[in-house]
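First, the structure itself, so that you have it in front of you.
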Amino acid sequence: MNSLLELKTAMRDERTEVKPAKRLGTNVSFDRDYGDTVGEVTASNARMVCRDVNVFYGPKQAIHGVNLDIGRNEVIALIGPSGCGKSTFIRCLNRMNDTIVGCRVTGSIQLDGQDIYDPQMDVVPLRAQIGMVFQKPNPFPKSIYENVAYGPRIHGLTQNKAELEEVVENSLRRAGLWDEVKDSLDQPGTSLSGGQQQRLCIARTIAVNPEVILMDEPCSALDPIATARIEQLIDELRMQFTIAIVTHSMQQAARVSQRTAYFHLGKLIEVGETAQVFTNPRHQLTEDYITGRFG
Amino acid sequence: MSVPREGHIVRRYDGELSHLHYLVLEMGALALTQVKDARDALCDRDLTLAQRVIAREKDVDACELRADSEIVQLIALRTPVGSDLRLVFAVSKSITDLERVGDEAARIANLGLQLLGSEGADPNPVLLHDIASMGALAVGQLENALRVVDRWDRNLAEDLLEAHEELDFEFQAAFRRLVTFIMQDPRNIGFAVNIVLIIKAFERIGEHAQNLAEYVLYQIAGRDIRHRVEP
Amino acid sequence: MDKPTLLLLILVLTTAGYYFGRKRSLDIVSGKVQELHSLPSYYGYYLAMWVGVPTLLLLLIWLGFEGAVLSRLVVADLPGELQGDSGERAALLINEIRNTMAGAGSGSGDPSIQAAANHYRHLQAVSDWLLSLGVIALAALGGWFGHRQIEVEQRARNKVEKGTMVFLIACSTIAIFTTVGIVLSVVFESVLFFQKVPVTDFLFGLRWSPQMAIRADQVGSSGAFGAVPLFTGTLLISFIAMVVAVPIGLMSAIYLAEYASPRVRTVAKPLLEILAGVPTVVYGFFAALTVAPYIRDLGQSLGLDVSSESALAAGLVMGVMIIPFVSSLSDDFINAVPQSLRDGAYALGATQSETIRQVIIPAALPGIVGGILLAVSRAIGETMIVVMAAGLSANLTANPLAAVTTVTTQIVTLLVGDQEFDSPKTLAAFALGLVLFLVTLMLNIAALMIVRKYREQYE
């Protein structure tokens, strides 16, 4: 009970916290040159720090010198027109681009101070630390239980069956799916509805207890009600995880995120508090994009 | 800077936004006419003109209702963001202020009827002089404010806001003169109260004009400059 | 007119019908195409259909019945002593008459046959003449009717579309009816066989020795038609083949689909599929001349008794032959597993082999099983390799080093050489064929059902 109370207090503090200096943004001094990006790319409590990130697909450069911090317990939304590199960028954060032939990443991306592109870095535990949820719900062709248990199994996170069951139940509860599936854990994951499948995928991701969750357009295949459930879930998960979400829906970015980053042609154009970006974007390109003046 | 340079992808959206803008100007023009007529009715002792101002008050209200429903619809259907959102917000606020201007004009006309239409009403012309000068100031500010709204002119808006103390000084001066009159001849007190109320109404109109300029600045610069603390 | 000319005439008339139909439609609206319901060419096709279809039908029907009718007429006109009483004799006579007509000269000595041949020739001419007349009349009638039908509001396009559909249905029906015909003929012959040999003896008999006595007192006069040794032989060889093909095929498929770089893949996959293009007879002599002796020598050096024609040799080579089936189908199904599943597993920190073993293979399993079932049915139906490498002795054994024989091999040997078509020995081939057909049919249906179910799961 006590810890819950503390959590709630913490939540309230977080929500009411106002940062006037940041909101106006004009008098923030940068200790380094962060390229042409407008707005505050650094975060005081950064969990991931990306500096001068470039991504190449063969000879073609997809991302140009992106600097961005992702703060603790924040939801950062990456928006931008199709092909602007936001998905490419988010896939750099857990080295999913490794699986693409001919993809090269330069610059540094740090998770809690450790460079994830260090040659010594093992991607297997890294990806357990940085989970990812995809555009299309992709439950494995296994039962609901096995889907959630998969991650803890391959990483050996649990000692015995009881522990595993606890992890599965916990993850499903946190994903808001437990009440709907607790009687059908042995049913295939693909038998669920689209929104349930996506929540199952989120449960699967949080079952390995990651520090960061990346979401690549998690609601683009879902109806508005299922979308609202996922958004509510994202808001709850924010307390324990750091979340970066790529979305095509600006309204969704506005609803779920605390910070918004606008990408355009592989460059990070503007980043700032979501409320500021959506009421008073400072870069003309951001303004044109969010108001629907080009696509 | 954030004035829409090129249109939205959905062109009807552009049409709806510019129609909102047009509505503000239309309502502004109506309110301005009301203020001018109310002033003229007082200065020329034209009771029928004052009656007409009171009768036209409902047109201003109708205008407000129409604009409000359009704004609500646009918010519901288009969910404006960025400069569009600020435009809609500024329009909404401006409409409210213009409606108040209309109210003040009608109040001036009403007070004018009381002042001029009562038995043996023949207030000292010296008293009416303040009404004329306050009225001219208020009308001037409102005209300027509408020019600002029309052109989204940032410099003009800032000039207008610089001049915010003019009416205040004028009101204070007129008030002092009125007090002197009352002390000279307490029978003037009936008229004087009416006249104070009238010049107070003109002062309020000037404040609404200031507000309009503030909304325009908010809309084009994205900064909320209301209630700012003077350095 | 003879028939080829007539066919040409029909084509010419049909083409003419097209042009007249087109012209007629244009004339009706005096060139204003928009006023017509359909494009002018559709009116052309419409009229062409009215000319071509009835005449072609008439030609086909005429061709179908002409021979029989003419023969009957000629035979009826023969002198009484030649007519005889049995149908077989009549058939012989007709043959003779036709030969005489063709000038082959056999049996032309008989004047009455000669006369009959002349009669036949005369009737043939009359028939051709009648047919020509009928075709022209029908074409004219159809043309006139179709021509009259063409109006502004006439829905020529819809009717032409319907006609096209009927034509396509007819084409597909031909394929279906051919299959049904084959099945029925096999079934009828099998029924004849089962009248002579009981079904239970055939299906459960343990001895296969398909000969029939020509003389009643011959040694071993009674043949034995117990097909169990054949079934076990088939199963043994198929099993050996699958033991070879499934692991190799599956693993090469996994390599090609998951590990190979695009360049390796573009080279290796066609190379692997070349294996499927090698004629089975080449596999056969490869098995008989290279693999079988090698296995025998190897077995002897190990002190095993290996017959020179062994199930092992045939099974191994057959397995190699089937590898491309398994690998190609499995590769397709592994590739059909959505990339998002791989991403999901990788994003959880699974390694590549974990992803393949625990996510991709389970996802592709139904498809892979379907592919393997198809390969099994191919193995069961395979003939050439087994004929050449597995031997002909119907041993009931599970020893892969012994010679065995299979259903298909026995069908071949039963039907090679001069045959009596009513002896059980020959008819046994049909019974074996029926069993083979049913087994492969069931395997195929099962495979298709599994594959289809899998397809539905991932769109």
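Every chain is named by a letter (A, B and C) in the order it is written, and numbering of its residues begins at 1.
Heads up, the rule we're going with is that contacts are C-beta pairs under 8 Å (C-beta built on N, C-alpha and C of every residue); 3 or more make two chains touch, one makes a residue touch a chain.
Remember, it's a predicted structure, so these values are computed and weren't measured experimentally.
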Relative to subunit C, chain with the most remote C-alpha centre: B
Distance-to-centre winner among chains (Cα means, whole assembly as reference): A
A-C compared against A-B, more contacting pairs: A-C
Between subunit B and subunit C, centroid-to-centroid distance (C-alpha), Å: 93
Centre-of-Cα separation between subunit C and subunit A, whole angstrom: 58
Separation of mean Cα positions, subunit B and subunit A [Å, integer]: 50
Contacts with 2+ other chains: residues of subunit B: none
Residues on subunit A engaged by subunit C in the complex (per definition of touch): 94, 96, 99, 101, 123-128, 131-132, 134-136, 138-142, 150-151, 154-155, 190, 201, 204-205, 208
Residue ranges of subunit B in contact with subunit A within the complex: 1-2, 4, 6-10, 13, 79-86, 222-223
Partner subunit B, residues of subunit A touching it in the complex: 250-251, 254, 278-281, 284, 286-288, 290-295
Touching residues on subunit C, where the partner in the complex is subunit A: 261-262, 338, 340-351, 354, 358-359, 362-363, 457
